[in-house]
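First chain written, first letter: the chains are A, B, C, D, E and F, and each begins at residue 1.
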Amino acid sequence: MKMIMAVIQPHRLDAVRDALEAINVHGLTASEVKGFGQQRGHKEIYRGAEYQINYVPKVKLEIVVADDILDDAVDAIQQAARQGRVGDGKIFVWDVETTIRIRTGESGEGAV
Amino acid sequence: MSAADTSWILTATALVLLMTLPGLGLFYAGLVQAKNVLSVLMHCIAIACLMSLVWVGGGYTLALTAGNDWIGGFSRIFLLGLDRDSVASGLPEALVVSFQMTFAIITPALMVGAFVERIRFGAVMLICALWLILVYVPVVHWVWGGGWLAKMGVIDFAGGIVVHVTAGVSALVIAVMLGARSGFPEKVLPPHAPWMVMVGASLLWVGWFGFNAGSALAANGNAAMAMLVTHISASTASIVWLVIEKLKFGKPSLVGFVTGTIAGLATITPASGTVGPLGGFALGLLGGVVCYFAVDLIKNRWKIDDSLDVLAVHGVGGATGTLALVLFAAPAIGGTGFAEGQTLLGQFGVQILGVGVTALWSIIATIAIVLVTRRLIGLRVTPDEETQGLDYAHHGETAYRL
Amino acid sequence: MSAADTSWILTATALVLLMTLPGLGLFYAGLVQAKNVLSVLMHCIAIACLMSLVWVGGGYTLALTAGNDWIGGFSRIFLLGLDRDSVASGLPEALVVSFQMTFAIITPALMVGAFVERIRFGAVMLICALWLILVYVPVVHWVWGGGWLAKMGVIDFAGGIVVHVTAGVSALVIAVMLGARSGFPEKVLPPHAPWMVMVGASLLWVGWFGFNAGSALAANGNAAMAMLVTHISASTASIVWLVIEKLKFGKPSLVGFVTGTIAGLATITPASGTVGPLGGFALGLLGGVVCYFAVDLIKNRWKIDDSLDVLAVHGVGGATGTLALVLFAAPAIGGTGFAEGQTLLGQFGVQILGVGVTALWSIIATIAIVLVTRRLIGLRVTPDEETQGLDYAHHGETAYRL
Amino acid sequence: MSAADTSWILTATALVLLMTLPGLGLFYAGLVQAKNVLSVLMHCIAIACLMSLVWVGGGYTLALTAGNDWIGGFSRIFLLGLDRDSVASGLPEALVVSFQMTFAIITPALMVGAFVERIRFGAVMLICALWLILVYVPVVHWVWGGGWLAKMGVIDFAGGIVVHVTAGVSALVIAVMLGARSGFPEKVLPPHAPWMVMVGASLLWVGWFGFNAGSALAANGNAAMAMLVTHISASTASIVWLVIEKLKFGKPSLVGFVTGTIAGLATITPASGTVGPLGGFALGLLGGVVCYFAVDLIKNRWKIDDSLDVLAVHGVGGATGTLALVLFAAPAIGGTGFAEGQTLLGQFGVQILGVGVTALWSIIATIAIVLVTRRLIGLRVTPDEETQGLDYAHHGETAYRL
Amino acid sequence: MKMIMAVIQPHRLDAVRDALEAINVHGLTASEVKGFGQQRGHKEIYRGAEYQINYVPKVKLEIVVADDILDDAVDAIQQAARQGRVGDGKIFVWDVETTIRIRTGESGEGAV
Amino acid sequence: MKMIMAVIQPHRLDAVRDALEAINVHGLTASEVKGFGQQRGHKEIYRGAEYQINYVPKVKLEIVVADDILDDAVDAIQQAARQGRVGDGKIFVWDVETTIRIRTGESGEGAV
């Protein structure tokens, strides 16, 4: 099994989910994160003083998938999240040894 | 004694209390970081309580009962002898005590903006208690209690000198002596809740009707006009900030807008019993512009960490209104004219004198008070406490647990 | 001139201002997404300021001074000649100006609910300023300023026609011409802070006492009864929503409950000087039911993105009250009867005419105003700005930084 | 009928409504977990609406119209016959109905603090409706409606017995019968928003001016003194909590501070028409200390989950004030003396009797009401609903979506 | 060393922590996340309009443990988090190469 | 490529970012987490009742870097985050197989 960790623009979350559902990936975990990268943050001005807000709000997805659908899943995410602008985000993949479904205790690919 | 006037001043007292609790509290709390929200609210409400006790204990009698040119007498110390039949200024005296008490609450509470996010709570308490007696009470006596400025015919309807100059100037002194927040100015964080700033400003505005129109101490045309010009000035100054920010930055901000509101309110305060609608508009215009550049000057150029711009918005606004009101007092434009027998220049001289002497006295007394406090209690929290935030470090609490 | 009445109207003025700042602001801000909170608050307070200036500049004189059947005169343009001794309606005229100004603030501010989360800030300003002069001011004159509807004996105590029909109908026109929020109706997000909606509704309720009972322009039995029936109607309509939601969905919601509150308040507004307690109850019942189904009809069936249901709650509520009040005006049930010489049917005819002509005029004028604004400034923000949220895109700020 | 008094009581009515909506709502909502915020606000506003209808339907007539020693008559059932000319207590009768209605709203709403985070919404509604008729209305009649306690000369100016003892004692009964929140006391979570608690307390304070000073039913020296002593007591009790917390824990908290405020306000309530400034101070001191230890006793030692300390703060405060006021009623210290012909001991006996009988009746009636409600509706939500939070489980909503 | 990433029901956090303490696992990092899976979100109704809330609030735990206690730790979590209902969550395990304690700079299993 | 996951004190975030920028690591993802470890939480007292707040607010950083700069990056973080007190935090490292830049679709070390 593989872990796909994707950092995307928050408003692409729905699109990415739909794309994953379409290829039968039904489980994922999302969190709100702050991104730092090529896309710079923004400035806010209060009472004439400038404040540099360094981070960009992003959504991080963590999706564990069986090896054989890894490529499809990564493609689905990449296409759904892509807008062609700096800040679209990144996808990272690594190996997962075990998966256990807490409710049943079953483990392995069936548990994903 | 008029029941109708009593009715209005009972209301006005509630409105002025609303200004501090929760108005000013929210206004200031929204401007600080999330980790110092409770500390700011605590400052406001603890000041409200402590000042009330100081006021009824000795403040009222020294400020507003018969005395000499400089200070009142002791006839009402601990409010002795005050009962349901006592009358003052054509109102139940208990009401005069209460109405004025709400002024004695908000004035030191305004200073909170200068020292947020880094001061020790005990220092706030001691500074404000001493300040009420040494700065506020005498100046009230000078201007409203029949003291020397009153005798000279100074015009300060609802507290441009008494409230805004005293608090604004003293705030700056405290800010300087306390030192800036760590990381100021580059690394200071922006307001944590602009929505809260707006709610606070709104309540301040509504309450200010009680402050200014209540200062007529009657339900009459004078109160009505005070309310109207207050409203016009607030509206105008707000729009001035909007326009300046639009021109300078392209994006007019809510925090800027309501800062303009407060600037307009502070500016009209001394003038609200003297000018007509046109004067309200003109003072709003002037106050908006002057305060905008004062903020820029003090915080952004001089780099003094008067954190929430107490001097620039309140002090400068109040002084501007106090001086400029002479230009708009003419009966022809709805004003009431000058103190009896005064000319424009003469009145202007008196106004300048009032602002100047009050500012000077505020500076001297505040320096002394801060020095004493530093020695007795200490002023600043430790750097670790500052990093951690005063809410937990000093009050053991967390503002948001969502 | 009565000091007692002055006292009450001074208070009422503060209460009506509280309705907009921060009442309506919070009510609306809680209903939008977190990224548009400041924009909504900015709309409310900037409207408050701009309308105030338009009102004192020309609105008041055109609405409420002597003129012809259609519009008032110019005698108080820029409030010229107004001073502390001017009297109107048995009150200081400055107070009448102020009290009515708070109505001129909240009426356009109500329309904010129709165009949140997607409109350009400049468009809001221009639309509202034009609308005040072209729609609100004439209708005030028709109904309260001695104009043609007043002469026909239309009954609209505190503004069912003047406030709620004008704002409600115009809001729908703007919503249609502006277009729906992107993703409406499927992908629109739920209210970001129902707690804030409730706080706003509470302040609206409290302030509405000033709105309705203040419209008596006196501290008397009429004011007292207006307050009582206002309260009864609000309570009843709230419980109507509770019951409907309980029956339909099993779970009565807080947002629904307080929407009922506002529906009840809007419905009783025109009737609050005419009906007794039973009428208050009946109108609350009626207003609650009618507005509930109006929301459903307009938003959920017709799919018009009058985002915060201004027409369905305010317009429909106000119209319902204006028409139904004829049924409950009988002195036998605590009412005051009809305009002199009127029969039930005759009065009903006048009421329908008032609502109808006002609605029609509101539609025509608002279409024109929006067309002009579209050409001069443009109406909508870009899709990117809408995605990003107006707080940052248009005001450069963030509401919450926790 | 006095227009001036009418003016003040119109205002006072708005102020007392503000206490519940949104004051008490925010005070309580800030003290619970984020998942139960809306449920608490819903309790407060739904109680407000339902109690209003019960009050105008039958509560008012049974409480305040002529009847026997135990209960009033039926002359104003459904407010029949009430119109704009009806007069009571020198005010428009509609205003007396409204002013007293705001008391009938807040008294049961106070009990919300005892049963938050675990009670069924329907149970709240039924308990409060029955309670208003069976407990509140008779006690009002006894004390303020010319009933047996009134005849004995009991002193309860604004509701120490009527409001605070009834609500406090009944709250404890409900808390015990309902059972503690799951995990109480070890695993209960701290207040989710202390800032909100402070805002609620501030609005309660401001509104309390209407509550106590409004209870004079006139704009006179009595009202003014009531306001002043109310303020002094609140300030003093707040500082008492500050000092106790500072001594015990080193860190004075905002939640503690404003709990002291409410304790001071509850304590002065019955006495506010009787004592002078010194009495205000003494009762604040006493109320602050007594309530502090009452909280500790009931919640931390007896482990009764009167979740937001309704008995300890309101009940104990109100009782303390009712009893202790006899010590500070002497005219020499600004008080008004006792009921005609009473001695200190005699008055004290009457006060004890009033508190005791009221408490006893509250206990008995509340037990019966809760038993009936348990049978008809059931009291508690399921453990799953409690875990999930009442906002979603019972109202289908989420308070914060940031 | 192994990374155990567990997604659990928020109200099971305390139980899981206790279970881990019991087997001498003292360090963990928790975050609030949004879960998407077999457990569907819920509907909320405002003014008669239905809003589908797609995500379910979950808590994500990240716990790095030495290889030899991996099985005990996974068991402890699974048992403490389990309620036998859909939505109980998942446990994922993968390999960690290095652990460093920032305070001391020490690395390896001792740093966990 | 390697994933560096660092849990640090929130107020060290800026320092750590600066240190990483200095060695040309420009991308990272941060999130607010709750830490449980040797550093105990704190107590809060409301109305005389004590509440034990078990968690400590921390910031979690996730940084994917090319293999050859791993050591430098870890050092930079460790030094910038270090204050020498309990609670300074931990750094965990594991292997990442693939990285994809969503905007361009490019993958491998160039995408980091």
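Going forward, a contact is a pair of C-beta atoms (placed from the backbone, for glycine too) under 8 Å apart; a residue touches a chain by one contact, two chains touch by 3 or more.
Fair warning: this is a prediction, and the values are worked out from it, not measured in the lab.
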- Trace the shortest sequence of touching chains from chain B to chain E and report its length in steps. 2
- Query: Which is the least count of steps on a path of touching chains running from chain B to chain F?
  - Reply: 1
- Item | Comparison of D-F and D-E (more C-beta pairs in contact) | D-F
- Copies chain A, chain F: same or different interface, half of numbers shared as the threshold? different
- Task: Find the geometric centre of each of chain A and chain C from their Cα atoms only, then give the gap between the two centres in Å, rounded to an integer.
- Result: 45
- Can you give the whole-Å distance between the Cα centres of chain C and chain E? 51
- Can you check how far apart chain A and chain E are, centre to centre, with Cα atoms defining each centre and the answer in Å? 18
- Going by the touch rule set out above, which residues of chain D reach two or more other chains? 2-4, 7-8, 11, 189-191, 194, 249, 251, 253, 255, 396-398, 400, 402
- Identify all positions of chain F at which a residue touches two or more other chains, and write them in rising order. 31, 44-46, 53, 94-95
- Chain-level touch network, classified as line, ring, star, complete or other: other
- Of all possible chain pairs, which ones touch? A-B, A-C, A-E, A-F, B-C, B-D, B-F, C-D, C-E, D-E, D-F, E-F
- Message: Using the touch definition from the top, list the residues of chain F that touch chain B in their complex.
- Response: 11, 14, 42-46, 53
- Taking the complex as given, what residues does chain F use to touch chain E? 2, 5-8, 31-38, 54-55, 58, 60, 74, 77-78, 81-95
- Show which residues of chain F lie in contact with chain D when the two form their complex. 44-49, 51, 53
- Query: Touching chain E in the complex: which residues of chain A?
  - Reply: 1, 3, 17, 26-31, 62, 64, 94-103, 105, 111-112
- Of chain B, residues touching chain A in the complex: 185, 188-191, 194, 245, 248-249, 251, 253, 255-256, 259, 292, 295-296, 299-300, 309
